[in-house]
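Just so it is clear, A, B, C and D label the chains in written order, and each chain counts residues from 1 on its own.
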Amino acid sequence: MLESLKEATLEANLEIVRRGLVLYTFGNASGISRDEGLVVIKPSGVDYDRLKPEHMVVTDLEGAIVEGELRPSSDLKTHLALYKAFEEIGAVVHTHSENATAWAQAGREIPALGTTHADYFHGPVPCTRELTDDEIEGDYVLNTGTAIIDRFAGIDPLAVPAVLVAGHAPFAWGRDPHEASHNAVVLEAVAKMAFMTVMLNAQCGVSKTLLDRHYFRKHGARATYGQEKLI
Amino acid sequence: MLESLKEATLEANLEIVRRGLVLYTFGNASGISRDEGLVVIKPSGVDYDRLKPEHMVVTDLEGAIVEGELRPSSDLKTHLALYKAFEEIGAVVHTHSENATAWAQAGREIPALGTTHADYFHGPVPCTRELTDDEIEGDYVLNTGTAIIDRFAGIDPLAVPAVLVAGHAPFAWGRDPHEASHNAVVLEAVAKMAFMTVMLNAQCGVSKTLLDRHYFRKHGARATYGQEKLI
Amino acid sequence: MLESLKEATLEANLEIVRRGLVLYTFGNASGISRDEGLVVIKPSGVDYDRLKPEHMVVTDLEGAIVEGELRPSSDLKTHLALYKAFEEIGAVVHTHSENATAWAQAGREIPALGTTHADYFHGPVPCTRELTDDEIEGDYVLNTGTAIIDRFAGIDPLAVPAVLVAGHAPFAWGRDPHEASHNAVVLEAVAKMAFMTVMLNAQCGVSKTLLDRHYFRKHGARATYGQEKLI
Amino acid sequence: MLESLKEATLEANLEIVRRGLVLYTFGNASGISRDEGLVVIKPSGVDYDRLKPEHMVVTDLEGAIVEGELRPSSDLKTHLALYKAFEEIGAVVHTHSENATAWAQAGREIPALGTTHADYFHGPVPCTRELTDDEIEGDYVLNTGTAIIDRFAGIDPLAVPAVLVAGHAPFAWGRDPHEASHNAVVLEAVAKMAFMTVMLNAQCGVSKTLLDRHYFRKHGARATYGQEKLI
């Protein structure tokens, strides 16, 4: 079942490895079939170079395993929470890529400092609040998803397809696994350049006009995002 | 037509990939035949590993497509503006290479801090002003070229064969595609070393005498640049 | 003798090379058979690409060579001191990996700034005091071990499986050679991200609750570490 | 003639490329036969991947070409000056490696911050004064050598086998081409770690005792360096 989604999800998992975003097994990608309400996700703790499409785990939106003999990624509940809240997205990628993680550890959003950023993210890449002790002691992985969703109140998740979880690492997403992994890779490059830019003491970011121009150059008719509030 | 120029332009496009200046499709190189008034440029959004000489797009200096079935790079108008204004140059390369882009995002010129710089750039690598809102809303790609040309008033473009576009990324050029891609690669190395040098709190750059000495060691008779004003 | 331990120890030595932690011969890994009281360690100054299991040197806990024609790593006495003091560990890895070494040279512990850290290290990665002149003039390699052991008073070495030796470089360890080299590799990634995080002026580290949560997610029953004092 | 020296010198040239110290043709290595008073050096501007032993240029100590059809490296006179002044050395390597060059551009010596440094360099890696305008306008390459030699008054060149030329880049040397290229590679690693250490605001370097201990562990009888003044 879901053969093409399994292949696309595997490919997204391999892309983040090829691009240097993953050390050992620190990362995972999933994809969703909206029609069937099923999610395909990387199994937990399996070496990337042995991964095949048939190793992918299929679950429903509540996390019940529908197919697969391996345990799903331990971050499954975060993925599911994002699929439920962000109905337009078709795939989620989580990594501990070095530069984006440094920003997450610093608890700072990545400001929109240039057109590389603006081509992909229509505004800063937000950083969540820190989880409370109760949230950490409780259903931690689910609560991570909740903190992300809270942070995106008023933000179109397809206009800003990534987030930093404070003290943790980034999540990225997209309409399909290819786009989600692509966004994760670009996020890491943007995070690296933003780090150097901040070090060079940039006084100000890219102007709002330039941000809009670059973003809408790649992202279709202006009307599509007309109702969005940029923060 | 223009077979050797197509091959040289393709090679320049591949060189910036090999040297790590390009993520995905973020970059483009073009070359010009001054005799025929025709420009050869990379097509837009095609993967570098599938590029062949016959994919190159040929346009005239107004951007009309003379040969080629693919759309030219979306930065074509910037390239054309540079060819018109800088009559000595034969090729243009645009990348989002990380270190040079960090300087561009910071809105800072790269100072001449050492002989690696001076061997290629006779003075700082300038940074443009930011574009106005009207320029961004208008013919943005053309206006990017205009901002570069404005910034080079009084600067010989072959003596300083690169620029940083504020909030965007670098452009480099040269007498031919080989030289332009070579300059783009050296610019990235110079930008990286300058970043570290500035971090080490260098108090002052290379002396004017040393700058001249290194530059003119590689760049022919002094008279060639005698009328130039260094800023 | 000890064939499987030799192979595992060789593999740990090769893993730190593959992951970029080693320049030339700057590094060494050892493993211990607790039953036999024998240690297997890399020979001194042999190129990694020529290392074979039979090159491994076998010593007793006092450093007497039991098997092997080559001289053991010059850091042997530090390894032996750690095996004697930390009875739970089964392998030790020493590198001069760039980022962890920068922290060691700065004489600063690596604070727990995120969950990548917390997944492996239950608290900061400590930095030893500097050795005294007498310690340096005396049995320097042994005294390095002593300084590490002093620093771990009150710390469970399996809960914090690495240390920075001030002005020198890191040591990591684990239950077996695979785990020890894995910890050394993760330490280097954590050190790199912590460097960038500190540069971004992080005001505070990961919360104690989040630290516990991540650590105990990977490290078994809470009771195991119940008696531990976190510092 | 000098076949084995040509091969060793070629190998040193290739080693600095393999280790990432060289961009394009920015670097050169030479070796000397003290018995014959002849120097073997890389030809100028030849791609490294086409270099063969027979391309090496042989000159006398005054720079007259004794064998070879290609022009020698443009830095030849600096190499010759070092051979004349430092009688113990057998090879010289010059690169523009990124981290060491950043220190040179900053005009700062690399302090002895750890044992990796102390294993190779018995004290800071010095930085020359800047050349005067007259020196730059005059016999610049020779005067670069003079500035290095001036800086080493009171320093044993084999105890500190590298220098930073202010506003330019490093030179390293050793008893033979293998050792010289090895020192250049270690210098780059030491420069990188020192950069990060300084960024982490290290308050103080490695102690004199530790420096001595590490240095003399690798470099033979103390008496060898007994007459040396460390600065």
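Please note the rule applied: contacts are C-beta pairs under 8 Å (C-beta built on N, C-alpha and C of every residue); 3 or more make two chains touch, one makes a residue touch a chain.
On a predicted model such as this, the values are computed, not experimentally measured, just so you know.
Engineer: Listed by label, which chains are in contact with chain A and with chain B?
Structural biologist: Per touch definition, common to chain A and chain B: zero chains.
Engineer: Please indicate which chain is farthest from chain A, where distance is taken between mean Cα coordinates of the chains.
Structural biologist: Taking each chain's C-alpha mean as its centre, the farthest from chain A is D.
Engineer: Do chain B and chain D face each other with the same patch, meaning over half of the contact numbers show up on both, or with different patches?
Structural biologist: Since fewer than half of the residue numbers are used by both chains, the interface counts as different.
Engineer: Measuring centre to centre with CA averages, how many angstrom lie between chain B and chain C?
Structural biologist: 47
Engineer: Taking the mean of the CA coordinates per chain, how far is chain C from chain D in Å?
Structural biologist: 33
Engineer: Mind pulling the chain D residues that touch 2 or more other chains?
Structural biologist: Within chain D, the residues that touch at least two other chains are 199.
Engineer: If you go through all the chains, which pairs of them touch?
Structural biologist: A-B, A-C, B-D, C-D
Engineer: Which chain A residues qualify as touching chain C in the complex?
Structural biologist: 23-24, 26, 74, 96, 98-99, 101-108, 130-131, 133, 136-137, 140, 167-169, 195, 198-199
Engineer: Spell out the part of chain B that touches chain D in their complex, as residue ranges.
Structural biologist: That would be residues 113-116, 182, 185-186, 189, 192-194, 196-197, 199-207, 209-210, 212-213, 217 of chain B.
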